[in-house]
Amino acid sequence: MAKLQQLADLVGGEVSGDAEIEIGQVAPIDKAQAGDITFVANPKYLPQLKSCQASAVILSPGIDVSGQNLLICANPYLAFAKILTFLQVSPRPVKGIMPGALVSESAVVDPAATIYPGCVIGERVTIGSGTTLYPGVAVYADVTIGEDCVVHANVVIREGCHLHDRVILQPAAVIGSDGFGFAPDGAKYYKIPQVGVVVLEDDVEIGANTSIDRAALGVTLIRRGTKIDNLVQIGHNVEVGEDCILVSQSGIAGSSKVGNHCTFGGQAAIAGHLTIGDNVMIGGRGGATGNVAPNQILSGLPLMPHKKWLRATMTLPKLPEMRKDMQQMQKRLDELEALLKEK
Amino acid sequence: MAKLQQLADLVGGEVSGDAEIEIGQVAPIDKAQAGDITFVANPKYLPQLKSCQASAVILSPGIDVSGQNLLICANPYLAFAKILTFLQVSPRPVKGIMPGALVSESAVVDPAATIYPGCVIGERVTIGSGTTLYPGVAVYADVTIGEDCVVHANVVIREGCHLHDRVILQPAAVIGSDGFGFAPDGAKYYKIPQVGVVVLEDDVEIGANTSIDRAALGVTLIRRGTKIDNLVQIGHNVEVGEDCILVSQSGIAGSSKVGNHCTFGGQAAIAGHLTIGDNVMIGGRGGATGNVAPNQILSGLPLMPHKKWLRATMTLPKLPEMRKDMQQMQKRLDELEALLKEK
Amino acid sequence: MAKLQQLADLVGGEVSGDAEIEIGQVAPIDKAQAGDITFVANPKYLPQLKSCQASAVILSPGIDVSGQNLLICANPYLAFAKILTFLQVSPRPVKGIMPGALVSESAVVDPAATIYPGCVIGERVTIGSGTTLYPGVAVYADVTIGEDCVVHANVVIREGCHLHDRVILQPAAVIGSDGFGFAPDGAKYYKIPQVGVVVLEDDVEIGANTSIDRAALGVTLIRRGTKIDNLVQIGHNVEVGEDCILVSQSGIAGSSKVGNHCTFGGQAAIAGHLTIGDNVMIGGRGGATGNVAPNQILSGLPLMPHKKWLRATMTLPKLPEMRKDMQQMQKRLDELEALLKEK
């Protein structure tokens, strides 16, 4: 519970209307009741405000809305996130090593960490202050986990991998599985040992059932602030830059390097041994088969500028018709040529 | 073991031949032996019946097969499923809370439920009669699980999610992982807390390694009877209607609403914030980038009527040839035009 | 640590230079220091050798490199893998059934196997000599696991499945989940019990978060030597031949049969009930919708010869332009025809 002025101070915004009104929680515009605050990040929802019961609305400056208490700020979506965090997220209680957690004697767990039952912590592991491991997390030997990390249930972190601070792993994510490397030996394949590790830098988040393979030699590296969704595949020796967004079911094959601030849509794919520049956006199901220069918005397989791809795919359903038209045109050409020969 | 007449009564069919013959198990047509019952759902397999050793055959009415004991019924595939269930599926024994299961004191587990070793059950959880949790299931606080559910090993159900009755979760499915929501804050991303839940209604089945994200606010909802295959991604705030079929590796992005009785093929994708009507079939790897009206069979990216897509994709390999043909036609046009100018 | 001559003997190669030099570890060409051995499998990296600090280089015969100690052999990549294994992979210590592992009384675990804490081993399971199960592995009743297998943390192996020898399962892989089989019963679906099993033959490797469904009746079979990457879906009753390579996020739908020595790229898909011949390569995101004859390199959806696909996809971005060109050509034809009529 907070007064509207208090929330405005939190997000660096200004109040228009009753600054003293009490706000209990955040609610979407179509469900908000008295005591709630809602937000409009997309102007197309503005008409819904008329019938909205919320006690206050988070809005961008310069929009004329009468009869509502407003919290006006430059980035309403960010303000919404911060207010939601403030009002509705409780700090995780520190519970220490709970009964039923199996911690190796040589592991060092900070007293302000929480290890739930069913976790198994290997030899020489270190776990920092404020970090929580939910039930069933398996941490192999020589792993280091920093401060204020959240590792959800049934995550696996294999030997020697490193998590820096404030890393979040959703349930059943796998960090440090063997890379997919085999040397052909006649018809059979010989397994190439994968003796490298994975490093997840500060503020990285990894989705549920996502796999990040350890390097064959060296490091698979996810840099600071990058967010990876569910069911994503990161191959061995990949490097992903800072503040990237990798949407669900996308994949990056072995040894590719991705720049900073890239965004890959759902089911997108990057082939192996490529370099993707900074600020590259690849649309859903786009596929990179060659290096990509920075600062582009691309889609398709092969990749092309997104707008070109939109036009190209619009043409796809017309292909059979185009083929028929061409056959007709060829007939007409044949006839014209015959006619001209006669003359 | 059952007599053929007993099986006919079970599925509402009729016997032609020896109604007293003993049937031990179900077998495919190419492997059935004496004592087995087999089935023919697809007429193309009828010729194989001649050499089939089965003691009886499940068939549709109106097919003339001599010299075999027949169980005739309207839906042989459904009859096969029911007879297989009757003959070969034993009820799960009730074992209560087994040693090695870690159940919070405030959790309420029905005495007729089974909790295998290695499960960790959080605070205020309730688990209904006849439900089985296999080893390594992690159930966070405030979850409710109904009656006669089957939760396979290493599933994770996060805080506050609700499973109604007869829900089946295959191994390592994740229910209630955080939705993928971040607000840009300059170059960095600020995590939007995901404070909603997931509700799985009666008779829902979720595949292995599938992730169902919790809502940001509110509920991610899978309605009664819907079946979701392995490695599927369901984003936050998605709603899927009743009796849908989502095949493996498909994905639905955040906030999309899917109607009743839809079927999505393998690797199909639905972009975010869309509405898909009832009775929509989307073929394997189809991709919805806009709303879809009900009662359609669609394929491709962009989606088009399935038959049109079949024709369009058949044209794809001919594209380079079409391009050459066009260049030739342009030459011929140039020549004709030149010729006509001369005259 | 080993002398260069010893490594040459190990891989059947020859030394050129100082055979007595001591090698400590393998390193990539751009990071190798004194005491390291590196390798050049791809000639494009040869120029980097000049500035390389490695004590020795693994090379193919017939390449002229002066001033370096060389280990010359026919297959440098294979030699690299074998030397890496020799120098840097320690044997897994045998630890027996560790405290915190929950093993059913009727299970038979070889004394030379290792079962980590948090594993739950069901009734009548047998586990062979030299096999390691990492924490949190759930093994249902009647499973057999052969010798020298490695089962990583949080893997699930469901009832009755069989692993032969030297099988490797990466973390959170699921073996024997129910196949996705439902019989329509009016608008609803009736679950077809999946009473078959999965068999993984010798030297099979399965990736992290990959799901292999059990057969409805009979066996889902992965034959000797096949390697399956992360996040792959194998449907019920599938059979995959020997020495196949299935790259990440690919999928094979129910009842399809794949020959020996096939390679499927990332996100590739095989529809159900198909037969794929021996030695078929399908490129990344290729999709088989019909049977495929042996000995082909294919890509695309629909599949076409890989080179044809490369040309076809290069044409895709030009489609809108082609369509415009056609409209122009039609105009020109109209004009020519009008002109000729006049004459």
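Labels for the chains are A, B and C, by order of writing; each one numbers its residues from 1.
The rule we apply is simple: contacts are C-beta pairs under 8 Å (C-beta built on N, C-alpha and C of every residue); 3 or more make two chains touch, one makes a residue touch a chain.
For clarity, every value in this text was computed on a predicted model and none was experimentally measured.
Rotation relating chain B to chain C, from a C-alpha superposition: 120°, rounded in steps of 5. The two sequence copies chain A and chain C touch through a face in which the numbers common to both fall below half of the numbers used overall.
The distance from the centre of chain A to the centre of chain C, each centre being the mean of the chain's C-alpha atoms, comes to 25 Å.
Residue positions of chain C with contacts to 2 or more other chains are 118, 136, 154, 172, 209, 231, 249, 267, 314, 316, 318-319, 322, 326, 329, 333, 336, 340, 343.
Partner chain C is touched in their complex by these residues of chain B: 26-28, 31, 75, 77-78, 80-82, 84-85, 88-89, 100, 116-118, 134-136, 152-154, 168, 170-172, 203, 205, 207-209, 225, 227, 229-231, 242-243, 245, 247-249, 261, 266-267, 284-285, 313-314, 316-320, 322-323, 326, 329-330, 333, 336-337, 340, 343.
By the touch criterion given at the top, residues 102, 118, 120, 136, 138, 140, 154, 156, 158, 172, 174, 177-178, 180-185, 187-193, 195, 209-211, 213, 217-218, 231, 233, 235, 249, 251, 253, 267, 269, 271, 287, 300-302, 304, 308-309, 311-312, 314-316, 318-319, 322, 325-326, 329, 332-333, 336, 339-340, 343 of chain A touch chain C in their complex.
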